[in-house]
Structures are given as C-alpha cells and as structure tokens.
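Listed next: structures, encoded as structure tokens.
What follows is a pair of complexes built around subunit A, which joins subunit B in one and subunit C in the other.
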Partner chain A sequence: MSFLNNDKNAEGVDSSVYLTLREERRISRENAKIIKKYEREKNRKKVDEKEYLTEMRDPSNVVEIENLHTYFYTDVGVVKSVNGVSFDIPQGKIVGVVGESGCGKSVTSLSIMQLVPGPTGQIVEGSIRYKASDGKCYEITKMPRDRMLKIRGKDIAMIFQEPMTSLNPVFKIGYQMDEVVLLHEEESTPESAKKKSIEMLKQVGIADPEKVYASYPHELSGGMRQRVMIAMALICNPRLIIADEPTTALDVTIQAQILELLREIKEKINGSIMLITHDLGVIAEMADIVVVMYAGRIIEQGTVKEIFHSPKHPYTIGLMKSRPGRHIKEGEKLYSIKGQVPNPINMPDYCYFYNRCDKAMRVCSQGYPDLIKFSPTHYAACYLYNEDGSEKSAEEKERR
Partner chain B sequence: MWKYLAKRLALGVLILFGVSILIYMLTMLMPADYIDNQTAAALQSGAMTKEDVQHLKELYGLADKSFTGILKSYAKWLSNVMKGNLGRSFVYGRPVTEVLSDYIWISFLIAFISYILEIIIGIPMGIKAAVNQYSPYDYTVSVFAMMGASLPSFFLSALLMNVFAIRLGIFPLQGLTTATKIFGPNDHLQIFLDKAWHLVLPITVLTLLGVGGTMKFTRTNMLEVLNSDYIRTARAKGLSEKTVTYKHAFRNTMIPLVTSLSGMLPGLFGGAMITETVFAIPGIGYMALRATQQGDIPFVMGYNMFLAILTVSGMLISDIMYMVVDPRVKLS
Partner chain C sequence: MKDNIKNDDYILIVKNLKKYYPISKFALGKSKAYVKAVDDVSFSIKRGTTMGLVGESGCGKTTVGRTILRLHEVTDGQVIFDGKDLSQVSPRELRKMRPQMQMIFQDPYSSLSPRMPVGEIIGEAVKQHKIVPKEQYRSYILKVMRDCGLQPQYYYRYPHEFSGGQRQRISIARAVALNPKFIICDEPLSALDVSIQAQIINLMKDLQERYGYTYLFISHDLSVVEYISDSIGVMYLGSMIEIGDKKRIFSNPMHPYTKALLSAVPVSDPDVKMNRIILKGDIPSPVNPPSGCKFRTRCPYAMPICAEKAPVLKEYEEDHRVACHLYSQE
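Showing the complex of A and B:
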C-alpha cells in the first residue's frame, strides 16, 4: 500500500479503520490474550529483586532508554505509540524531547513512570534502566507494580501539562503535598510533613505559603497551581523530573518564570529533567540535549547547538524553519510542513516522513533508514547522508 | 448563605402554591367524583333520586364544577390549609393529617431499608465495575443492573410472589400481619418478627429496582473521575492503587452521589404506591391509591401537597449537600 497513490489516504481517511465484524472480533480476542499476559507479569508480588536488577551502560546516566516499544492494543488494531526509542538522560542534564502531538513523547515519559494507561497500553519490548541514589540499577520494564510505587513520586517525579486539572479539587493543597512526604519518608510525622511542604512552597516562589497550604486548588491561579505541582514533584528530592509540557497551558509571562524556576531547582538538587514540549523556544532556552521524535521514533538527536545550528533530518530542518523569528522576512508566510503523520495503526515499513518529505528519494520508500552518526552526540535517521555523516552528492541521490 | 436559603424557601412556597392549584383543578375535573362513585348503585336501583345525589354533592362541596366554582372551593381549601386544617378524608372519615401520620411510617420503613441496601450494595458494585471496566464482572453487574432497573415493579413483585410465596412458601403472600395467628398483648418480639417476615419481599422488590440505578450512577461517575488528570497525578505520586481509588477518586465520585442520594431522602416518606398495593401493605402509597380511585379530594390534595413538599425539600437538601461535599461550591 503506497501512501501517495491511495486516494483515501489523500483525504486523510484510512481504509484500515473499516473493519469487518470478524476482523474486529479477532483483534479484540488477540488483544485480550496479550493484555492478560502483560498484566499478570506486572501484578506479580514478591518478585526476587535479582529479576529486575541490571547494570547501566554509562554510570553517569540516571535513566537509559533502549529500544523501547510501547503499544496500545485498541479495538481497531495495535497503535505503536513508541516504536523503538533509545536515549539517555545523564545526571544533572536537561533532555528536551520535541515532536508534534501524538508522536509518543508523553507515552515515553509515562513508560518511564510505569504509568502507561492500562490495560490497553503495554510496554512490549526494550528496556528502561534507572540508577537509584544507592547505586543500584533497576530495569523498570520488569519491575512489579508494587515495587515501582516506591520510585514514583520519590526518585522520579512528574509535572503535568494541565495545572488546572492535575490537582485533586476536593483536597487542600497542604493535604496533597503532605501525602507525598508521609508516603515516601518513613520517619516523617504530620507536623514535619507540614513544615516541609510549606518550606517547599516557599522555595518555588510562593509568597504566602501558609495561606496556599490551606487553600483548595480552585482558589489559586494557573501559574500558582503549576508552582504547587512543581513543589509537589520536588518535595522528595527526585533524581529525575519529567516535565510534560509544563508551560503549555500557561500564559507567556508565567511561562518564563516557571522555566526559570525549573532550572534553578535543577541546580539546587542536582537532578535531571526530561522536558517534553513542542515549543522549540523552550528547548533552546533550557535543554542540554535534544531528542526529536516523529511518529513514535527518534529521527534526530544531539546537543542543543547541533540541533539548532546544523539540523540534519528534513523534519528537523522543517521544524526550525516553521518557528517564528528573525529569519522570517516581513510579509512572508510562516513555513509549515505539508501533509499528515501516517496512521499509527498501519505504519509503513519505510521512512515515516517519506510522504511529507520534500527531499524524498526512491530509496526512502524501501525500508526504514538507520541512524547515522554525525558526532558522538549527534544522530539522525535519514538516507540523505552517507555512513560517515557526509551528505550524499546530487548524482548519488539521483541514482537512488 | 442564609440569604440563599431564605430565597430558596420563598421560591419553594411559590412552587407549592402553583402545584396546589394544578392538582386541585385536576382532581375536581375528574369525570366521576366521590359522590358519583358512592351513589351509582343506589341510583341505578332507584333507592336514591338525582335530587338526593345533587343534595349530597352540595353537602360535600362538589356541586359546582364551573371554573369560578372550583376557584371558590379552592380558596376555601386554601384558607383551611393556612389554619393547618387539611380537611376530612371522604373515604377514611378521619382528618387527612391523622391518616397521613398513621400510615407514613410503615412506608418510610420499607423505603428506608431498601434505600440503605441500595447504597451498601450499589456503590461498592459500581466502584468495582468501574475499576475493572470491560471485565466479566463489569458486564455481569451491568446486565443485572439494567434488568433490575427496567423491570416493572408489579411484574417483579408478581414474579417474587409466585416463586417465594406460592411455590416455595417461604414468605407470606400479602399483608403486614398473619391473620391466622393470635398474639398476646406482650408478644412484642413475635409481632415484630411477623411483620419483618412480611416485609422481606416488598423490600427486596424495591431494592432490586433501585440498586441498578445506584450502581450505574456510581460506575459512570467513577469512570469519569478515574480518567481525570488528578488521578494520574495521584498515581505519579506513588500512591497505591487502593488509595488512588478509594481516597482520591471516590472522594470526587461522592459529590454527585451524595447530592443525588440525599435529595432522595424526603421522598422515602412518599410511599411506593404500586409495590405497596401489590403486596397489600397498608402504607401511605396504598392508602393514596384507594383514595384517588374514589375521588377523595381532601386526601388526594393532602397527599399530593405532602409529596410536593418532599420534592421541594429534597432539592433543597441536594443543594445544601453540594456545598458540604464540594469545596468549590458556595451557595449565594
């Protein structure tokens, strides 16, 4: 099935959505079987620690993700949300993950937390290695659920996109913060937890922490709530903070403050941040390493300098071109990448960007490209380049 | 808040006034009134003349069925009500208030017990079904809930009576006491047990009818809450699934649950007309049905006004409970 020749695809309708009753039944039967297998694995109790202890490839990393596959077994077929993602989060660094909506950024982060919405969502393959503060390395994909509870919120904390809905509306801020302390710190008492919560609220720049402590979420503004979310994430000194579009729902003036706060706090606790966003400005400002995702795969990754100054993949180049800035002449239209992401249920077996790429060659429709190494930190998956990182000559491109 | 309550109470009075006019008109316009019902046989056999009937109607205040006549008699009824006098029931020959207060309690008892049962069965089932969405448990419970909720009460009653009273003979068929048994004046325990035994089937019927709704309502609300962002936050904090479900999620599900269930409380005094009639239990619903069939205007008015008051106060309680359970709601 070619994407360019199929009229239905041109209209954005995919034939795979129309299923016969028999196909549908077969899918749900198969799904049920697979899901059952994975769920049983996760619900095991009293698992020997040896089963999920592992070694880091590089001890300076907090988290190493390798060949991660997270699939959703839906009624219309398997959605490969994350399809072979590998990257490292080094200690004390900010890793920015960019990509358009639905490209698997959030699912990657939820996989690290073992929070992929089940039972349809399952980590199918690959490994996520996490190095705890005591030097032990855990394989998160093999960890049983109850053991993971001790890492969540304590060692790896998460800040979500929607501060307006991410706090429980019926509990006071104080209660929701104390809960984390009481849960993860064994010697804590309600009084010590309260003290710590108020101290934390002060640290994230809340002027009247006692008052906020005793408030309900609806009594605070969006920016305040996001500060509370950050305070809550930081309260147990996590080693990794996953910030899933932390500024998307906030207005611009607050955005800068929140980002500044995140950076300050990272310095203070010497933790790492995985910053998920589709705002390239935020990435340029904050990140040390950038990972560009497209349709469940990493298509390019490198340091901020490499990605912003010498983007290699046509998609990254397109992204750079499509952001507003000084490179736009007056009256000129903002660049946009034409076309749409392929249907996640029926992924093609060649480059996912093929049908949108203005540099597409014949070879691009004949298998997914391998990662090409440009520098020790810079990789991209594209046929435009030779194995040594040099761009292919025009006639060579022609030939292919 | 007090201002709000005062406003709501004033509005309630206004609603009751409107309701009373409407019901009065409707009952007065019923084709055969109490006197017609009572004298039909005598009129046919010639024992009474039309004049006698007309005379009786005048005595009962039912003679003038013109619009102004109805208004006049309504005004008279209203002024009596203002003095706290709901009139005398035609059928039962006693003051309406007395009849109401005599028969209310058995109805309330039945309704209250099944209400409690509905809550303690329906809510945990709803939660479990929501947590295990699309599991065999969820499907089974949902199907039974829908069956219970969609069965007509008379049919379910007849079914249970057939199986448990007639075929198996475990429970009595009808009534509140066993007529063939003679109790001494001090056999309180026996009398109590005898009555409880009679009430098992009607309570079962009411519970089965209601539990499905409660379960479905809990399940729907729980599912909505379980998919919200703050539940993901709670999980991300490292809380166990039990704490997430029963503390963070259920506390939010409780908002619609408590408000709707507390709003139902006053309605428990209203009686279950059909179930009580099928089981011949002398509750308020049974009495009201008999009175309505015979055109007992004072009783029908009194009963319906009582129901209207229950409904209005149910809504008020609902609103107040909203404020109690949801910190975001301020009544003003």
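Showing the complex of A and C:
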C-alpha cells in the first residue's frame, strides 16, 4: 500500500530509533560505568569544606547558574535535559522560567536542590553557586550529599506543583511542619516548633490554623494544601523559594489568591523566588526577570518588559501570539507554531527550533546559534540578528 | 425559556436538568443524602454555534456534558436534542442517535485504546453504525484523517507513538468520523502545551466552518473560551449563574462570581495592572450547599435576602441572564 511509506521525519510521531537488545545492553553497561563515577563522588563523607567553597561573580545574586548540563543516562540513550543553561537569581527578585513540558525547566530547579532523580540523572558539567546567609559561597554541584541536607529545605525551599502528592497522606499537617523545624533548628523543642508552625499557617492566610494543624492532607481543599506547602517552605526563612508550577493544579480564583500570597511573602522575607510555569500570564504578572527555555537550552532571557514588549526569538514571539486573548481580533485565526519539540535523544547539532521556525534560514541548520546581547539584561540565541543586536537585512537573510 | 422561540433554530435545549448522586445509603437501599452535581440547569444552543461552559473544578460542568449524552442517567429534567427528548427515548433508539452527538475527552492519554491502531480507533464506530458502504471505508477514514491533520501513514500506528497534540487530533477524528451534528468537548486543551493548544483550537474552528458542527465547549480556561465561543454559561456549584452572549458577558459581567472569575485571569502584559477581585475561601461542598444563593459565603455583596431565597435566572438585557439578587430588586 502506497500510503504506508515510512516517513521518519513525520511531524508528531516519536522518531526514536528502535534499538536491538544487544545495543541496548551495550548502552546500559556504559551508563552504569559513568553513573558509578558520579555517585561515588556524591556519597563521600567528611569532605573538606574548601573543596566546595567558591566566590560569587556578583555579590548581589543568591544563586548563579553557569553552563549547567544535567543528563539522564537512560537505556535508549543519553537525554540532555539541561544543556548549557546559565542565569542568575538576584536577591529579592522573582525569576520566571517559562517553557513547554520537557524543556528542562523542572530539571534545572531540581539541579539547584541536588534532587535530580538518580542514579540515571546526573549533573555532568557546569556550576551552581549559592550564597548562604553567613556570606559563604557554596558550589552545589560539588557538595557532598550530607552537607546538602543542611541547606535543602532551610535556605532553599521548594513548592511543588501537586500539593496532594507532595504531602504525606498518613501524617497530620502539624507533624509534617514540625519535622522541618526540629530538623533544621537545633535549639527548637516540640512546643516551640508547634508554636512556630501555627504562626506560619496563620501567616499564609489560613483562618483556623489550629484545626488545620491537627488535620490530615486529604481533609483540606487544593488551595488550602498549597497554602500549607507554602507555609512549610517558609518556616525556616529561606533565602530562595523555588516554586515549580505552584498554581497549575488550582482553579483561577484560587490561583489569584496564591499568587497574591507569594508576592506578599516575598516582600516580607526579602527572599528570591524562582517561579517555574508555562503560563505567560502568571509570568507577566509576577516575574522581574524572565528566562525562556526550549529543549534544554535558554533561547531568550531578559527583564519582563523586554520579553513582553520586544521579544526577539521566533519561539518567544510565537508563544506570545498563540495565546488567545484581547490582542486577537474577531474572526482572526490563532497563530500556531507548527510541529513540535524534537526528540530529546539524538538532538540535532543545529538550532533546535529550526524545523518549527517560520524564519528559518540555511545557516540555522548548520550550527547552534550563540547568545546575542540586545541590552545588558536581554539575550536571545538566534541567527536573525547581527552581533550588535540589530536585525539582519533581508538580502543578508536571503544570502544565508 | 420563552415559548415563542422556534425550536428549529436550536439543536439542543436543556430544561431544568438535574443530576443527583446518592451517598451514604441506609441498609435497605434508601438514600439519605445526595450530591447535587447539577441542580436545575437550563440552556439552549443554536445550530452551528459554540457554547462555552465555564466554572471551577467541581461545579458540575463535566456532569452536564455527560448527562446530556446520557452517559449518566438524568435524575430530572429534559434534554431535547434535534426535537427529541433524549431523557425519554428507548435505549435502542438512543443507540441510533449516538452518531449525531459525539464527545472529545480531556485526557488524550487515557481516552485512546493502547491496543488499537489509529485507523481502527477512528473507524470502529464508523463500521458499527455503517456510516459508509464497506468498499468506501478505507478512503473515508483516510479523508477524515486528512481533515484532522493526520498523515495517511499513521493509519497502522498505535497511540503510544504519538505526542499529546497528535493524540488529541486522533480523538477529534474519531468524533468527526461519524458525521455528528453536535460535539461535546470536555476540556480538550488542558493536557496540552500552549503552542499545541493553538493548533488544536484552529483545527476545531476549521472543522466547524467546513461542516457546521455545534460545540459545547467545557473549559476552565477563560481566554480560550472567550476566543472559541459564541455564547457562554457560567456555573457555580451545580447551578447556572450567568448565561448569554459572549461579548455581553465579557464586556459587562454582572454576577459577582463572574466578575471575580474574569478578573482572576492573568493577562500576559506586564504593564496591565489588574483591578483584581480576590474571592475569599473555597468552593463549599456540594453535599451540603449553603441555603439560598450558593455563592453567598464567598460573595462580597451578600445581603440578608441571599441566605433566604435562591435567586433565579432573569433576563437583564437581551441575550444576557443573571441569577443574582443584586439585580432583581430594582
């Protein structure tokens, strides 16, 4: 039958190559070797602090990520989830990370927390520098596991997407909150922990904190659970809160409540927030700095005004245009980005957006573009622009 | 519903639809409490238009969709589809009518059988209902696939080989293959990425223009509903609280809940500072809803009368009805 011609590059179909059993075994043997090396490094005990002390490039940042590579060594090949990501999180600012599912935004945040699901997931290259409250700077990628325990949940806290699965269903809210305090604050007693937990629940706008303290997670609604998660994240006065899609599972009216709360709390503790979401509306409203990710790389980054008023990368532009909203006139069709994200195994060695881009040129299929600087804060990785940030002329585009 | 409206204009008229689920039965099978998932909902949809149904999770919008198709039995009320009362027809007759009303589900991962190739998924019901003669079957399926943006070589592939967006296209093709008049879309976009959502919205609009389908579009995403719908119904805790023309509702929301809902949508422009109405508290339990107006526990304008009497839908302006005591008093 003629219509059954196998078209390997057909849009939308998983184009992964089928492996023979032998090949698969070879890959997993090689992976095991690599993974073992990384795991040994992480499990070391009594490591001299000098090994992971470092200097910040800019002392006003809480976290600096530089050229981060996080790979997953799966049996079908290496998935480069985060492939050379660099950005800073300044003190007291909200950094928004946007991107489609699978673009590596969650893996970036898990790398900061040293929570990349192991042993297949490993930070392979790059550095994450974290400035602690006592002024010391730590290199998180080199930190041994037992040291990281003291930072995770205390100085860097995380709010997850699904509050039901991130709370333990068999323990009461109070027990789970007290645990954080008792673990991280040496002089705390069960009584002082309880007092602190209830105080925190009150701060996140829960009307009846004593009752919530004594209830199980299933007894609360989605919005309440997310409030509890936020209270738990805040209880040790963190310097950085990572919020991974904190409102995706919630309704719009509840989402508005939670976003309002996050903003208030940021002011109160003067901390920084890394806000991960796929909703451009949430980003526009909350973030100071925006990072747009696509297939494991940053394709554009800038202040919220720069990104929303003068987006440069065709993907960012497409993303803005494809949202239905007030900017669409009656009867007008929605702009849609054709095709979809390439397969994470066997990524191309040219621009990842090439196949979906309206403005693709020949040069786009010949190598990955460098970041071009438009202003001290605004960067994009695209061949459409000259080194100085001006758009290339039509003839030049033609010539390429 | 006014009687002078010509029923021919409407493909679907829902009158006082109720769906109660019994809970906590006594030993002898008599129920003592009900979840009033849908409580006295009435609306109608004109041929070839799209009606959006919005509301928070648990407000009964999905139940409305399923009860219309009699995937759940109706507790009380009428569903008149194309002149016939669906709540009365016999199962045999209902089966004959099934091809005319189809449904697209929310999750494209769980609504496609993993053991059937795409061609068979789309064609199963076509064969069952004998939509086309046997000899035209294959070319018909391929035509439907082409309409929905699926390439012919996908015919023998299995759902796991496709991404979310392509799977949703398969679900749409499955619904469209039966030449339906009416399609219920139950949150067809919420499992998809933003860039893929736009592709699916455009596909659904194209198909509607070409074949004149009527959609009931159930969603919690107000910006999508605003784009795709002609009329809109807003639900809260099993009741319709505001219903009417899209433009009228979006430019002039009347009910305090609709106002809060519209103001809560984040706008993708950093310069726009929304004058946001933030509702306090959560949606109450549908087992034990508040007396009178169900929204009064969260309403910033609640009055004494709201606790006593439930407001009914009243025409405020042409094609715009609201159930709220704020407007019934003047």
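Keep this in mind: the second predicted complex is superposed on the first by the 386 of 400 C-alpha atoms of A that agree within 3 Å, B and C clash if a C-alpha of one lies under 4 Å from a C-alpha of the other, contacts with A are read in each partner's own complex, and residues count from 1 in each chain.
FYI, a residue touches a chain if its C-beta (ideal position, glycine included) is under 8 Å from a C-beta of that chain, and two chains touch if they have at least 3 such contacts.
Quantities reported herein were computed from a predicted structural model and do not represent experimental measurements.
J.: Give one word, clash or fit, describing how subunit B and subunit C relate on subunit A after superposing.
T.: Overlaying the two structures gives subunit B and subunit C room side by side.
J.: Touch check for A:A284: first (subunit B), second (subunit C), both, or neither?
T.: After superposition on chain A, A:A284 lies in contact with subunit C alone.
J.: Per the contact definition in the header, classify A:H184: touching subunit B only (first), subunit C only (second), both, or neither.
T.: first
J.: Look at A:S109 in the shared chain and tell me whether it touches subunit B only, subunit C only, both, or neither; answer first, second, both or neither.
T.: neither
J.: Name the contact category of A:N83: first (subunit B only), second (subunit C only), both, or neither.
T.: Touch status of A:N83: no partner.
J.: Between subunit B and subunit C, what opening angle does the Cα centre of subunit A see in the overlaid model, nearest 10 degrees?
T.: 70
J.: State whether A:M224 touches subunit B only (first), subunit C only (second), both chains, or neither.
T.: A:M224: touches subunit C, not subunit B.
J.: Please work out whether A:L149 is in contact with subunit B alone, subunit C alone, both, or neither, and reply first, second, both or neither.
T.: After superposing on A, A:L149 lies in contact with subunit B but is clear of subunit C.
J.: By residue count, which of the two partners contacts subunit A more extensively, subunit B or subunit C?
T.: Comparing subunit B with subunit C, the partner touching more subunit A residues is C.
J.: Identify the partner contact of A:T165: answer first if only subunit B is touched, second if only subunit C is, both if each is, neither if none is.
T.: After superposition on chain A, A:T165 lies in contact with subunit B alone.
J.: Smallest separation in Å between any Cα of subunit B and any Cα of subunit C in the superposed model?
T.: Between subunit B and subunit C, the shortest C-alpha distance works out to 8 Å.
J.: Would you mind listing the overlap between the subunit B footprint and the subunit C footprint on subunit A?
T.: none
J.: Spell out the residues on subunit B that touch subunit A in their complex, using ranges where they run on.
T.: 228-230, 232-241, 248, 251-252, 255, 325-328
J.: In the complex of these two chains, what residues of subunit A are touching subunit C?
T.: Subunit A reaches subunit C through residues 3-7, 10-14, 100-101, 221-224, 251-257, 259-260, 278-285, 304-305, 308-309, 318-320, 322-326, 328, 333-338, 340.
J.: For the complex, which residues does subunit A have touching subunit B?
T.: 113, 115, 145-146, 149-154, 157-158, 160, 162, 165-171, 179-180, 183-184, 216, 218, 229, 232
J.: Could you list, by residue number, the parts of subunit C that touch subunit A in their complex?
T.: 56-57, 142, 151-157, 160-163, 165-166, 193-199, 201-202, 205, 220, 222-224, 226-228, 260-261, 263-272, 274, 276, 278-279, 282-283
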